[in-house]
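Below are two complexes that have chain A in common, paired first with chain B and then with chain C.
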Partner chain A sequence: MRVGPRRWRFASIGNLWRSSLQVRTVVITVLLTSMAIAVFGAVAALSISQDLFSSRLNQVLSVSNRAIAEAQSSLSASAATDTASIQELMNKVLSDIEGTTTSQKVALLRSEKASFGYTQDITSGGLGLDDLPKSLRAAVRENSTGLWWESVDIGGDPAIIVGAGLTVQVAGLHEVYVVFDLSGEAQTLAYVQQILYVGGIALALLLSAIMLGVVTLVIRPVRAVASTSRMFAGGDLAQRIDVRGEDELAVLATSFNQMAESIQSQIIQLETLSTMQQRFVSDVSHELRTPLTTIRLASDMIFDGREQLDPSYKRAVELLHNQVDRFELLLGDLLEISRFDAGAATLSATKFELKALAKRIVSSFLPLAAERGSELTLRAPRPKCLVTADERRIERIVRNLIANAIEHGDGGQIEVWIGANRSAVSVAVRDHGVGIAAVDQSRVFDRFWRADSSRKRTIGGTGLGLSIAAEDTLLHHGALEVWSKPGEGSCFRLTIPRTPDGQITTSPLGLPPTSPSPQTSSIILPKTWREESGHDK
Partner chain B sequence: MTSSRMRLLRAGQTWGGGRARLACVLSVVVAVTGVLSGCASIPTSGGPNHVSDIDTDATGGYIITPAGPASGDSQEEILRGFIDAGTGFSNDYAVAREYLTSDLKSTWDPSASVLVYDGQPTISIGQDGKADVSVSVGASIDQDGHLTETSTNADVKQTFTLVQVSGEWRIASAPDGVAIIRPRFSLIYTQQTLYFYDPDFAFRVPDVRWIANTPWAATRLVQLLLKGPSSWLAKGTVATAVPDGTQLAVDTISTSSSVTTVELSSQALTADARGRQLMLLQLQATLSGLSTVSKVQISVNDTVVPISDLGSDAPITNPSPQAARLIVDDGESLAYLSDDGTTEKIAGLADAISQLPLTSFTIRGSTAAGTTAQGLWIATGDADAPTQLTQSSSSGVSIDPHGYVWAVVGQRVKVFGPDGSETSVAQSWLGDDVISAKLSRDGTRLAILARNGSRVSVLVSGLVRDKEGKPSELVQPLTLTTLDRGASAIVWSSDQDVAILASAGNASTVTVMTVGGESTTKTSTAKAIAMTAGSGEDSIRLLLESGEVFAPRGSSWLQVATGISAIGYSW
Partner chain C sequence: MASKILIVDDDNALAEMVGLVLANEGYEVNHSADGISAVDDFATHQPDLVLLDLMLPGMDGIEVCRTIRTQSFVPIIMLTAKAETNDVVRGLESGADDYIVKPFKPQELVARVKARLRPAPNDSAAQSVVVGDITIDARAHTATRDGVPLSLTPLEFSLLVTLASNPGRVFTREALLERVWGYQYKADTRLVNVHVQRLRSKIEHNPDEPQIVVTVRGVGYRAGGG
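On to the complex of A and B.
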């Protein structure tokens, strides 16, 4: 329940992302500049911290070096041999180191090699022995020449402890540790980091605001172009863009307007031409109709009396009669086509049962199929396939498809499939003939197109059948699709919505349909007209 | 429719891939940023780091580390080891103390004396752990660094006691002090000079000491300086600018950036401005003998005392005859003799005494003095003729900075005031057996050759003056050495060296001795009757009976003039 609105919100954000260049640009700019600023800030903070630390370290080491060298020099030059004067010496060395290093925390400790009884561990400034890292003491004990240093945390503040060995005459080897406070550096670093954070965020916000402004400035004319072109594409060819200024966007608008102008004039020209052609075809068909009727009457008369004619004329009369029939069919088809072209074709939808129609058509084709040696079968589901459509046009489509299948089926089996689902019904005609080459499949619905120009039309097709079928399908908002593989035959599938204003979600049949399938639950055997139980159990 | 769905789906996938990539880039950036900002802090941990060795100022000096006792060492090995360990002064002779029993360890005083011996010690182990060690001592140094040479090596016998401690022989009783074999002594010990002043602070007076060339040599020198002059220079002979009771605040002197800081106790501040300048000069002069010291400053209570330079007002070091010009008496007049043999007659004051048959003479300022077999003459100012001060046979005349004339008159040292009156100077320890005597140029010390039985003693005595500068007493002298009979003359060749002329048969030798130091001997070609010296050994001139003047050239002598009857240096 919670997923729904959330998903919707995501969807809406995704939608906004996809649809708005402005949102995308601003978001990407903000993200990338933030990243760049963050990386820059981090690098800057890092280098500042390293620089702060290393410069302090250098200073610390240099001053420690000096202090410890002086201390060692004092100790080397010492002529003290008794405890009191050695203690005085150590006091002086401690205060000298404090003075030179200006550190308040110094430790002067006995090493393991110190002689017994002369000195004691001294620390100043509240420095505890526990504050000295064991690792540093171990290192100094291991190698008492040179300086050792280690970063430590003393009382929550960063510090550097410098350690070294000091050789004291008579009293032996001692260790000296000097603590240098780095809290000042830490504060400086914190301050710098704060400035970097605030500055970085402010910069990112500023850049975003600038980007938003700039993108809005650029996007407004682009939106105008987009909305104009949408309206233009929607058929409002008079739409034009207001041209302002002389910049690139103005050039775009001008070019768009020129293109629109050119397209508008060409479309008008083509429309005019097309209308003229359609009217010409329509006019020609109508004009041919009257003489053809007369010719037909005369031809019928002659044909009826052909027995009285000389056999040589008789043959001619028969030919004439056949060709007049064909001419009439062709003319009819042409008129039909011209009606489609003129947009005069209308749907007279009635509710009918598709299976009954299919049975009727199939049975009418049985003799022809038998004549061609093809076995014609109808496969339909058991439930009724009620559909609201123009029955005459559907019948014409299916007849056309079956006739084509018989003609191109090469005597193979021909299957007529019926399928139905909630949204659509479907009729598919499958043959097992030579098939159609892939390059030709897109052209099968072209007018007067034939796959093999050398092939004769035997069933008397006009070459307009599939075109008319396609137009009829379009009228139903349906789909007429072709599948073919050379050598395996072809399949034409008609899918129309159950009602003329319905929507097809999926076609109930596959392309080509496969059997058996749960939807195709019964097989009709045409020879016996017996409905046979299929897969239902 | 399907294809459009497909396209839509693919677009979604593409966008999904882009989102994944973006997320990937974002996470990398976030991670990098996180790591970077994590590093962006002052470190508070991390192991110890080593940096190069500390560049300590060179302290100079030698550290000799002798071997300690080994287990199972015999008594003789223990004794030899202990004597050898006399060079190991590190950590207050820690190695030598290892040879001692724990009782003796704390009471044995190694600083009491240093015996410089030649050859190997002879050891004889006696009963009850007693052992006698006999060494041939060439010189000895006392606690304060005074070196006494023994002209002929004397065997010194020392007695030790050895006991067994946990099965090992240890020394239970030993004389204080250490013994060092001469080659090692030459390596370790150096002759250094403490500087004091004459009572008028007009001259620096050297006081030679011998100290070990250790890293703490400077500390030791300053300690000796603060302790005061040698006993034969005490009682007013010399003065020190260091206020009474001034000590080193700490028993060390630190040198950093080639500046040596002498940390003194607060008594040092009781000196006035000039006193502080003189005190600093005294320290600088004393420490200048060490190669490690270049600049000295005085500090009291951790604060450097600002002291300006004395400049031309400074006391004179090593006063020497003016321009080091040799004057000869060629029988007619006194003349300067140049190194190339040319002479230049001296007019004025010198003429007053030039007519005398001089045996020795000296000219200082506006006073000229000369001795003959018949007496002592003096000429002052622009006097044409000299005044005779005494009619006894005189020799070895010198004039001190206050104008007093010193000479050996009839085997006694006599002093005459600038007015010609004899001044009595207490010299009870000195009898009528003075062969030759010469006052140092600073007027603080008298070098004396005196008969001592069958031998001749070389003595240096401090001179005490009253407030007006009048000589009042010659204090108990320092005996430099004793020589065979034949020593005939002594002169100062510098502020701390004396040259002694000794003749035996037809040959003479010149011995140069440092007061408080070692001596070197030069042989001459023929018997000399008189000697004079300017500044340094090279300025020594010998006069032969034949009237020839010889000067040293390397190790031999070279004739520089002839027909001379007396020689001396001008002031």
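On to the complex of A and C.
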């Protein structure tokens, strides 16, 4: 079932409604003005139709009044007494009424009180007795004087029927009904209504267009403010709004610009401060190098001749020698960190085989591990793990992780895992030492941070190793993660994309890695350099 | 006779200390504290090797290096506090043979100095080698094109001889560092790149399309047929 596009369209309309002030304003205005125009049109149409009707009614009544009065007077003046002449008189009266009222449809009917036999009901223009409303006839019969009218519908056309009583000599009381056609008025009304419709719609469209224009005019500077502030928020601090005129929008733009100015100057100030700080660290590190070189040369020279010294001098120069080494390491790391802080660190990526690198590093650590009673093993998959990365930095990260594992591994087993999948390669270093408390796990990458400040450093790291490792990882767009359980040890897992511009989908190793996974099929034991292949069979 | 070494460094303590280390090794050491006096001292003492700090008051190390190179081919080793900057490449391009990053160990300093003062390796039995239209006389340490001698520094000469003596063989940058510079461990391959460029600018007809020292992409360099 495909519901996507439809839903998308709804979503996009809803989105437009929410996001565009212009759309919202125009739509609301058009709806409200349309409603107002519709109400106005309806009221106008109603009052016009009433007006048309009442003026026609007045005219009809006055004409009828005159015609009936004339008819009555000519009936009263007549001396006719026989049936034929009375009927003739009646016909004449009928045609007189027709002449006076210009109505085509007139009826002259015998009343119930009429004397029998003198007259017959006569009608003109095809007017039938059924067309006369009973209520009107009843009213005329009951009141022989006065005019009575009713609004009716004859053959689909609106009409007014006026009725009255007429007294005929000898023949008695009769009723006269005159039908006045209203189709002319109906046409006028229809025409007026049509004009109201067309005018209303035209007016609504015109108003919409004007509204759109006005809103666009007002919204344009607002949009400019919105887009400028968005770019400003996006980091382009040089963005400013053009100020035009002196209206409210100009005030808004001016104060926005002032705000932007002050933010920009503050940020520049902070940046300058931070740059100065970084420059200072970098300069200090460099400035320290020349005297350190002198100290190093001097200490080495004395150290070389230490056998000729008194035991206490000899010990002193040994300490001096060691600490100069340590100082140099610290200075090197400090310089490295300042390079990261200054954004001066660059990736010099080459293609290399990760397993070979890991093998080399692990074997170089074997003596130190053995000294601490730790067994150091490398577990790697059989296929080659080719990766394009900065080999020097990857080596530095892995060295650091292994050195930490030996330092904190309490002489337990240490495993170095290598993993690879399509998108990424991974190195995980697992120790079985004291582990790191949960609260401290997020702080292990902090500069100069120590898990236990009372714990002495034995291998002599600088306290910047993991910070540098984290920065090196960041430079590769990789991830350096830590897992630890107090009492069970820790695991640091480095995952980097296969190529510097690649994306990691998943890490090829678990955290901590579990053995033996189908990928990690062979286990290399560097102690004897014996490659085991039993696990994948 | 002891080799003479000129140390150019504005830090007197370091210069004196380096002097002590080198004197212990039997070298005769002189010291200049700034760039301008370094050029004068170079003319006066005629040293066999120059240790040159890059950041100097007056005239900077790059300038000093260039000036010395106009007069002499003696080995120049730069001393620098910033290995990662372009200063190193600029220094090498201006004619320095090698560089040492501060802080360095005395053994490292002595090893580099010895490597530069050692006569260029002559592992070729042949007296003369021809590469392209260049004739190299290994004994006399001269390279000539149509009888006209080419002015090469000992290091450039050594680089050319190493490549030309093994025609067709591809040398990695690491192998060249070991054979020409005398490094036993991993060093900065920028040294090789810069010196190959300098060598090409002197011996190639068109340095942009080298025929004599040919780059083998992803591996290193070899001598071309010319």
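The rule is short, and it goes like this: the second predicted complex is superposed on the first by the 269 of 537 C-alpha atoms of A that agree within 3 Å, B and C clash if a C-alpha of one lies under 4 Å from a C-alpha of the other, contacts with A are read in each partner's own complex, and residues count from 1 in each chain.
Following the convention adopted for this analysis, a contact is a pair of C-beta atoms (placed from the backbone, for glycine too) under 8 Å apart; a residue touches a chain by one contact, two chains touch by 3 or more.
Not measured: the values here are computed from a predicted model.
Trainee: If we overlay the two complexes on their shared chain A, which of chain B and chain C does A:A224 touch? Say first, second, both or neither.
Mentor: neither
Trainee: Touch check for A:E185: first (chain B), second (chain C), both, or neither?
Mentor: first
Trainee: Counting residues of chain A touched by each partner, does chain B or chain C come out ahead?
Mentor: The partner with more contacted residues on chain A is B.
Trainee: Would you check which partner chain A:L511 touches, where first means chain B only, second means chain C only, and both and neither mean what they say?
Mentor: A:L511: touches no partner chain.
Trainee: Once chain A of both complexes is superposed, is A:A349 in touch with chain B (first), chain C (second), both, or neither?
Mentor: A:A349 sits against neither chain B nor chain C.
Trainee: Determine, under the contact definition given at the top, whether A:L203 touches first (chain B), second (chain C), both, or neither.
Mentor: In the superposition, A:L203 touches no partner, neither chain B nor chain C.
Trainee: Touch check for A:D300: first (chain B), second (chain C), both, or neither?
Mentor: A:D300: touches chain C, not chain B.
Trainee: Considering each complex separately, which residues of chain A are in contact with chain B in the first and with chain C in the second?
Mentor: None.
Trainee: Taking the touch rule as given, give the residues of chain A at its contact with chain C in the complex, in rising order.
Mentor: Listed in rising order, the residues are 286, 289-294, 296-298, 300-301, 304, 328, 331, 339, 344.
Trainee: What does chain C use to touch chain A in their complex?
Mentor: Within the complex, chain C contacts chain A at residues 11, 13-14, 17-18, 20-21, 24, 81-82, 84, 102-107, 109.
Trainee: Chain B touches which residues of chain A in the complex?
Mentor: 18, 31, 35, 38-39, 41-43, 45-46, 48-49, 52-53, 61, 65-66, 68-70, 72-81, 85, 88-89, 92, 95-96, 99, 115, 133, 135-136, 138-140, 143, 145-153, 158-159, 163-164, 169-170, 172, 182, 185-186, 189, 193, 504
Trainee: If you look only at chain B, which of its residues touch chain A in the complex?
Mentor: 1, 15, 26, 29-30, 32-33, 36-37, 39-57, 59, 90-92, 94, 215-216, 218-220, 223, 249-256, 263, 302
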